[in-house]
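In this document, chain identifiers A, B, C and D correspond to the written order of the chains, with residue numbering beginning at 1 in each.
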Amino acid sequence: MAGFNKVVHSYAEAMAGLENNMTIIAGGFGLCGIPEGLIAQIKTMGTTGLTVVSNNCGVDGFGLGLLLEQKQIKKMISSYVGENALFEQQLLNGELEVELTPQGTLAEKMRAGGAGIPAFYTATGYGTPVSEGKEVREFNGRPYIMEESITGDFAIVKAWKADRYGNCVYRHTAQNFNPMAATAGKITVLEVEELVEPGELSPSQIHTPGIYVDRVIVGQFEKRIERKVLSSSL
Amino acid sequence: MALNREQIAKRVAQEFCDGDYINLGIGIPTLAANYVPKGIEVMLQSENGLLGMGAYPTEEQVDADMINAGKETVTAATGASIFSSAESFAMIRGGHVDLTVLGAFEVDSQGNIASWMIPGKLIKGMGGAMDLVAGARNIIVTMTHADKHGNSKLLEACTLPLTGVNCINRIITDLAVLEVKDGAFHLLERAPGVSVEEIVSKTAGKLIVKETTPEMQV
Amino acid sequence: MAGFNKVVHSYAEAMAGLENNMTIIAGGFGLCGIPEGLIAQIKTMGTTGLTVVSNNCGVDGFGLGLLLEQKQIKKMISSYVGENALFEQQLLNGELEVELTPQGTLAEKMRAGGAGIPAFYTATGYGTPVSEGKEVREFNGRPYIMEESITGDFAIVKAWKADRYGNCVYRHTAQNFNPMAATAGKITVLEVEELVEPGELSPSQIHTPGIYVDRVIVGQFEKRIERKVLSSSL
Amino acid sequence: MALNREQIAKRVAQEFCDGDYINLGIGIPTLAANYVPKGIEVMLQSENGLLGMGAYPTEEQVDADMINAGKETVTAATGASIFSSAESFAMIRGGHVDLTVLGAFEVDSQGNIASWMIPGKLIKGMGGAMDLVAGARNIIVTMTHADKHGNSKLLEACTLPLTGVNCINRIITDLAVLEVKDGAFHLLERAPGVSVEEIVSKTAGKLIVKETTPEMQV
């Protein structure tokens, strides 16, 4: 009855099968809700030529920024570069290929990838550099551009609590891109704070059903804060 | 005299209506949250997945899992909801957010906006800005009227890569409040003590001025 | 401070503004999770020429079936007719226009309508009567058809608990089409079992954020069961 | 002798693998849930928004808000999740469901299936069937080999409006188990006591028969 026990006990097992030149979809927004241990494992493995799909690329010295430092990333698909000096520098130098994608389009591309929708139309980016080379089409008199979906060889996802089936919930705004990433990986790996018994999570309150999840590992998280602003700082 | 950041934020907040769902960009727009007019209630949407953004936390409330789109620590207001990025942008792109306020490098008299890159110099990325300007029902830009060299940021046509086209309804600068329609900027209000002539001289795009232009109340 | 108090106290207020020939998107699957009181109100109002978007059309004598009896419906957009004699009869007689739509495509059309996506591609229905007149396009060597989104003048939605902001949760499988319907109405009306105080629903566990909701009414529900099957009936 | 419904369901269940996520259509497919082989665990998906369908309820457990896609009262198994129809079909259409078993009026040797209407006579609607046959990784059809007049339901080309094209991998009837590939039906097993000749005579589409055809174990 091992069919639904997706728990693995080492990061090596969690990322087994990752090879050079693969595409990885990563959850997280800034440093919030990022699979810290899985990223560290990719650094350890030294895999190169990676395409990474993630809203941001961590910061210098933390999160996906670690993989930039090691030049393991060939291409980033992201919406935001700001506040990440190495990212901006590698981009301006042409060392790193970057496909800047509007944040909502990026989220929708991941969702579509997971949902079997190869392409959709959106008004976002029409008339801007984002629309270059893309089909423009009018619906009800308004122009939209066609965007294609994204899937990855791996999806790396950070959740709060999960059971052995891979059912999970996210904590507060650490949800962000994680649910969509979870649906869009050929192999989806969940790094969680806490493993719970099946049945502990209320069925109607599960954010990501286990069907999308292949492996679950319990991690340790530093949870670095990018901008600590206090009510008294105003 | 030209408004300072706080004053611009105050004037922005006068645009809020009771029951509005509002997305405020990083910088001056975010400050506007401090000046919501008495007697009205608005809900702030943060595009990383929070509707009903509350105050900044106390030291005890700080939680790394609770941030806004500017990556600042925040709290949730009563009645808040938290969701995925796809849900957040479904909300934004589906036209459910009443008002978006955001900064810009340039705006032009066609309602175009440029805010995310300066070729060869600076690439911030568009983040959620392209989605916001394509999706929100009403869009206000806040910025200084001219750059630090005195060059107008209100142009006949934007020179930088665009964030969105024909989407800006209103502009609130340190000098004026303007409406964008029919291919021109329409001067609605001027900052206290700022002359119409100064605004005219610092507006490169076509500007329509009425006989009298009231001063802003800030 | 009435801005976010969406609670109304009569069904007349709840459906105010409904006019002949409007389009209504209705949540529910079979008789599960249907806004019983809002449907009854539409019957009372006698509005005609309606286009109703709903997976099913109730049963004879209950749910949307009530509106079929009164011939208030001009057109149904649904995936399933079976087990509803009047529906099938009006369809076969040509009295009722029916756009049969695959269930998943119907759900996605509502979601897209609410999310500002005017059209998307899907493999569902390719090569069948559903694809007639629709654009066919290949992605990665597989043919897909283009489907356009759906929005309604009204969305009528059944939830379990809601607060005055319109934040709500659905109970068990009474969720079904309700969350998508909620996003796709110009005016979205929520009929709920229980009104709770703001803050009672955990922010991360809200199924439909109040931003989609215009009116909330507390209803009484019969919750008729279509097929009561017991473990002992096997 | 031709299998009865329970026997077909038993044979269907032999196709289940440990860890499979499975969607079972109304009728015989649903019965297969009673015959999951010992030692394996599967999760049943019901397209109205339930993953991890449990047993039918006791009288005390009956809940109008807890039904399956056949509108029958059900319970949730341990490890179940409940979600919206959009999420349910994202799962199905995105290829996350391992196996779908459904009934049909006709199947043909191209793997096409017709299951939702008989023009002029009967319109059930496609429900989720078109999504399931377009999305699941592996699709099995269960039905009687011939209709009540003895006409084959395994055709060279379907005559009724299609549910999906080139999508059926396997067919389990009261007489046989067949694979569909390369434009033909391939006979894999026959029902106990049923001759290959009978199967040949009741299969209108191209049928490939090997030298020996084992009997099903049911």
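Here, a residue touches a chain if its C-beta (ideal position, glycine included) is under 8 Å from a C-beta of that chain, and two chains touch if they have at least 3 such contacts.
Here the structure is a predicted model, which means the values were calculated and not measured.
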Given the two chain pairs C-D and A-D, which is bridged by the higher number of C-beta pairs in contact?
C-D
Just curious, how far off is chain B from chain A if you go by their C-alpha centres, in Å?
28
If you average the CA atoms of chain B and of chain D, how many Å lie between those two points?
55
Cα centroid separation, chain A vs chain D, in Å, comes to 36
Where in chain A do residues touch two or more other chains at once?
108, 111, 115-117, 122-123, 171-172, 175, 203-204, 207
Give the residues of chain B that touch two or more other chains, as numbers and ranges in rising order.
50, 76, 82-83, 89-90, 92-93, 134-135
Taking the top-of-page definition of touch, could you list the pairs of chains it picks out?
A-B, A-C, A-D, B-C, C-D
Which stretch or stretches of chain C touch chain B in the complex?
1-4, 111, 113-117, 163-165, 167, 183, 198-199, 203-204, 206, 209-212
List of chain B residues in touch with chain C within their complex:
17-21, 39-43, 45, 50-52, 76, 78-83, 87, 89-97, 134-135
Considering the complex alone, what residue numbers of chain A touch chain C?
108, 112, 115-123, 137, 139-140, 142, 144, 148, 169-172, 175, 203-205, 207
Show which residues of chain A lie in contact with chain B when the two form their complex.
29-33, 55, 78-83, 88, 91-92, 100, 102-108, 110-111, 122-130, 171-180, 207, 223-234
In the complex, chain B residues that touch chain A:
34, 46-50, 55-59, 62-68, 70-74, 76, 82-86, 88-90, 92-93, 112, 120, 122-131, 134-135, 161-166
